[in-house]
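Structures incoming, each one as structure tokens.
Below are two complexes that have chain A in common, paired first with chain B and then with chain C.
Up next, the complex of A and B:
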């Protein structure tokens, strides 16, 4: 007696709301990113908004807004879309889950705005990617619990017995982040212990090297469970759906899933090579990082092979372009990361610009492109209208791809130059260069990086415009498209 | 100890691959059909493995 009521349709309300937020936070977060990139090239830009535009204050605003604003909104938007479709159940069938979904959105929206504002007024734990102070951590936990209810609630009323591979990845995101966030944010609110000082202030429950270890176990796995796992969940749904091709090997997707889950959690130690953590732990971090290539490439190759015999679509469909390039960038950054984590390479690469270069070919190329493609795939289904402009989407693709290439190539050159100059010695063993020498040499590359970021940022406006016009002015469709998203030339 | 661990993990990895292929060969499961869940995902589509059938089987 499947689907007793044909009048029921998938309910995209919450998916739409999170999509709007992804676009908004993408523009805000990457706008700040472009500003701070140019600040590194032109330091006077630090003062354009007085103390509020100092690099040190805006950098966490950038990272938190793109990671926990843009990316999480994209993850939630796609979850509220993909979840219903692969479980073959509509949110409209459960008032409870609909309410939870809406509550999830509003708590997330208000909570994230306040959290970003708190960073602007300098409330921070100073732990990278975990800067939010304890009251916001509590809000984050509530948001996460609501998402969990939504995931498992929808699973509870599903019609499709088997959980599609994307579901596994969404569940892993939920469990992984829950565990990481709780352990890394164990902190003592000092006001309640000392009866004085700032209400918002807290200190970590861990000290010294232990704190660093927990922090980078968290930090690296935040990359795993926010930038990798849920994005794989997306590509496993959207690429097959948009291309009309089933995933190349479902068995490989399962094997890669368990491989990724097992290996990723041990790799965080590579952030602490040549530090005070035990040597065996650093080695373990390196070794597991190298092994991580296998499950990562397993997923990425599975996606590329899904397009086997259908490569013509790459030429015709800009959304396929975005997704194929996303998985290619995923392969690039999951090869680059392990190379950087080899001890001898790390000795050169650590603390240089090669690191943000690596992070950005992953985030801009893999995460950003996948979220952009997913939201544009959903747009015609949301509004029963074709995508407003294929041409604009194509232009966005090429502009942003150029931006990413400028970004990572300039940072590769800058990083390796920087590392080589720091370690260069003359015949007597004296350092050959002072710090300012490196700054002078790096200036053109910093400028190039800013320009690359600006290209990507302009692309976001093209995306927002295309999405808005699709929503309001595009040609109406009689029925929901099955595979390739229809788009006007 | 490291050698033992490597052997054990290699065994687990290949064991899982062996399990996947053996389940298919014995006809216990057809993993590849699950790929269609993403393609045929309308609310009106017939589920690849409906949850009701399973419940019915169990109650028999």
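Up next, the complex of A and C:
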């Protein structure tokens, strides 16, 4: 796969479109994130757009825009790039697949805008990361089917017969999300049964504890199949490509892949510890979460060891910096998660800010950094121009890294502080603090978290500017770069 | 074997699917029947409370408030009796939440009153100094969508056999009447008037008397019922 003089002319049209969308949704979604972070420290910010900027209204907008706007755009952008290259077939060779790709993009773009707008006007099922009401669920299914046609269609006309590791992960993403999304969004539209009321409204097929069980089987594994599996697909392609190093171990990638597939799905129960879900499920969730360290660290170590003997590149190339730190954050996050899944730790951590802290060192550090690096790796290949500014990329890296550190360290302190205060008792065994005491104490940490988020957010504008300048004003390249992306100082 | 799978995408995909579907089958399926059994005394939501529950969902109150009291002394001291599985039998969807930016609400009906809620939702810091919860003033003017609430009640009655219009506890009386939309609406208006009066806000009482239930009144009915 490292032959630079391949005869195939890959078609990056759809990959480019999704890259623009990743940047756009990154800025929108994380902009909302910064706003709601500061709302917790300064509640007056809730009213800047009337009822449309209330925290509770915007939180689902934030989570859905970053997960299903930014991240999915990044996943699709890289798929339409990596897929062609590892299967050794161009989309230009099939008019059908080209049409499917474009349709996929437009349906996704329009569908996602409408879906987010629906949250702003209070259409929500309340289930986390599955808030969209049933008409949008149908659009999501259509989008997913189109992506499936694109994946298996391209596989159908491939020249390279053996599926590269990234392909395993893209296929798993497709299957995993399809299964989870369908089952968790089983709902009955009330209008069709009763013949009255709001057309968009629906009621869940599952009740109470069952609903919770299905929701967190979904919720946890949405993290698996949106924030983990496809991101591993990316790093298995972009890190070896950018560094010019072969993947360290095929056996390790096998073990990690099949291990991750088998173990991940069990771990959803750790969201329900000490709930009314049967004890054995809680224990299974806890135990499998700890086992999950193995395949997770397997992938991360495989990536870090790919850099063996070539650590000098870490100094020279900011894209390598982004990817190596992404792997490192992946390791941190996949160690932290299992720790929080241990029953006694969970008793303290559950319901506190330690949980959003954990989510964000994964999403900002691992998912965000990997997508940023992937898109900047593709930019010189898209436009046959060198990256506009290495210096800006370096600055972005350090600013965003500082942002992440501020974010998770402040949330660790906030979460543990709050958890400890909730359980603190005086010498007679009475609760030591009223609930509001445990809220006001968090003000400095909420402020610090907001600042951390702001740093990351500013970094996104540096990224967007660098990408735009690469596209329009950077020095042209005679031929496509093979390994390290060329960049101007 | 793995080398072969990697050259045969169809079987590869089947293999992945089997491996990922396995956990769900074992964890979720066996307990479904057992789980949905209501605890003694559990009753479906009447129309006004169901409408209030929809308001709770519409503004994502569950983003900051849980409805799940864990079985620890420090939780039962703060919030009341720990939550039981059967109490949630009529909750579609469940509203446990995952974050307590604000306190748990599973038994808030035991220790807060209608006028407390009205004051709190109008200006949280007026009753809880230092609160970071925003005010929800639009709920005081928005009119509750009773039709959608009725549609939901009728749907769960028809599709999931939720016991509306039935004698649940065997005392010979219907426990939660639903009836036609007009009947249900009249009952909701009566319940709403009582709550509007308890809030001591004239504007709310006027609205209910004019046949329109403000969303806040429905929401308070729902919260008062959380016990």
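We take it that the second predicted complex is superposed on the first by the 481 of 489 C-alpha atoms of A that agree within 3 Å, B and C clash if a C-alpha of one lies under 4 Å from a C-alpha of the other, contacts with A are read in each partner's own complex, and residues count from 1 in each chain.
Please note the rule applied: a residue touches a chain if its C-beta (ideal position, glycine included) is under 8 Å from a C-beta of that chain, and two chains touch if they have at least 3 such contacts.
Note that the coordinates shown come from a computational prediction; the quantities given were computed from them, not determined experimentally.
Visitor: State whether chain B and chain C clash or fit side by side on chain A once the two structures are superposed.
Guide: fit
Visitor: Check whether A:226 is in contact with chain B, with chain C, with both or with neither, and answer first, second, both or neither.
Guide: neither
Visitor: Quick one: angle from chain B through chain A to chain C, Cα centres, nearest 10°?
Guide: 120
Visitor: In the overlay, answer first, second, both or neither for which of chain B and chain C A:236 touches.
Guide: Touch partner of A:236: chain B, not chain C.
Visitor: On chain A, which partner's contacts cover more residues, chain B's or chain C's?
Guide: Counted on chain A, the partner with more touching residues turns out to be C.
Visitor: Taking the superposition on A as described, I'd like to know which of chain B and chain C A:9 touches: first, second, both or neither.
Guide: After superposition on chain A, A:9 lies in contact with chain B alone.
Visitor: Return first, second, both or neither, reflecting whether A:204 touches chain B, chain C, both chains, or no partner chain.
Guide: second
Visitor: Look at A:159 in the shared chain and tell me whether it touches chain B only, chain C only, both, or neither; answer first, second, both or neither.
Guide: After superposing on A, A:159 lies in contact with chain B but is clear of chain C.
Visitor: Identify the partner contact of A:254: answer first if only chain B is touched, second if only chain C is, both if each is, neither if none is.
Guide: both
Visitor: Just chain B (first), just chain C (second), both, or neither: which does A:188 touch?
Guide: Second partner only.
Visitor: Return first, second, both or neither, reflecting whether A:326 touches chain B, chain C, both chains, or no partner chain.
Guide: Neither partner.
Visitor: Quick check on the superposed pair: does A:411 touch chain B, chain C, both, or neither? Answer first, second, both or neither.
Guide: The answer is neither, since A:411 touches no partner chain.
Visitor: After the superposition, pull out the minimum Cα separation from chain B to chain C in whole angstrom, please.
Guide: Chain B and chain C, overlaid via chain A, are at closest 7 Å apart by C-alpha.
Visitor: Which residues would you name on chain A as touching chain B in one complex and chain C in the other?
Guide: 161-162, 254, 258
Visitor: Per the contact definition, I'd like the list of chain A residues that touch chain B in the complex.
Guide: My answer: residues 1-3, 6, 8-10, 85-86, 88-90, 158-162, 164-166, 236-237, 240-241, 244, 246-247, 249-251, 254-255, 258-259, 480, 483.
Visitor: Which positions of chain A touch chain C when the two form their complex?
Guide: Interface residues on the chain A side: 39-41, 43, 46-47, 50-51, 54-57, 59-60, 122, 124-128, 152, 155, 161-163, 167-168, 171-172, 175-176, 179, 183, 188, 190-191, 193-198, 201, 203-215, 217, 254, 258, 261-262, 264-266, 268-269, 271, 274-276, 278, 281, 284, 288, 347, 350-353, 355-356, 422-423, 425, 430-431, 435-436, 439-440.
Visitor: Which of the residues in chain C come into contact with chain A in the complex?
Guide: 2-3, 6-7, 9, 12-13, 16-17, 19-24, 27-28, 31-32, 35-36, 54, 57-64, 66, 68, 70-72, 74, 77-78, 83-85, 87-103, 128-138, 145, 147-152, 154-156, 158-160, 181
Visitor: For chain B, which residues count as touching chain A in their complex?
Guide: Residue list for chain B touching chain A: 13, 16-17, 20-21, 24, 31-32, 34-39, 41-52, 54.
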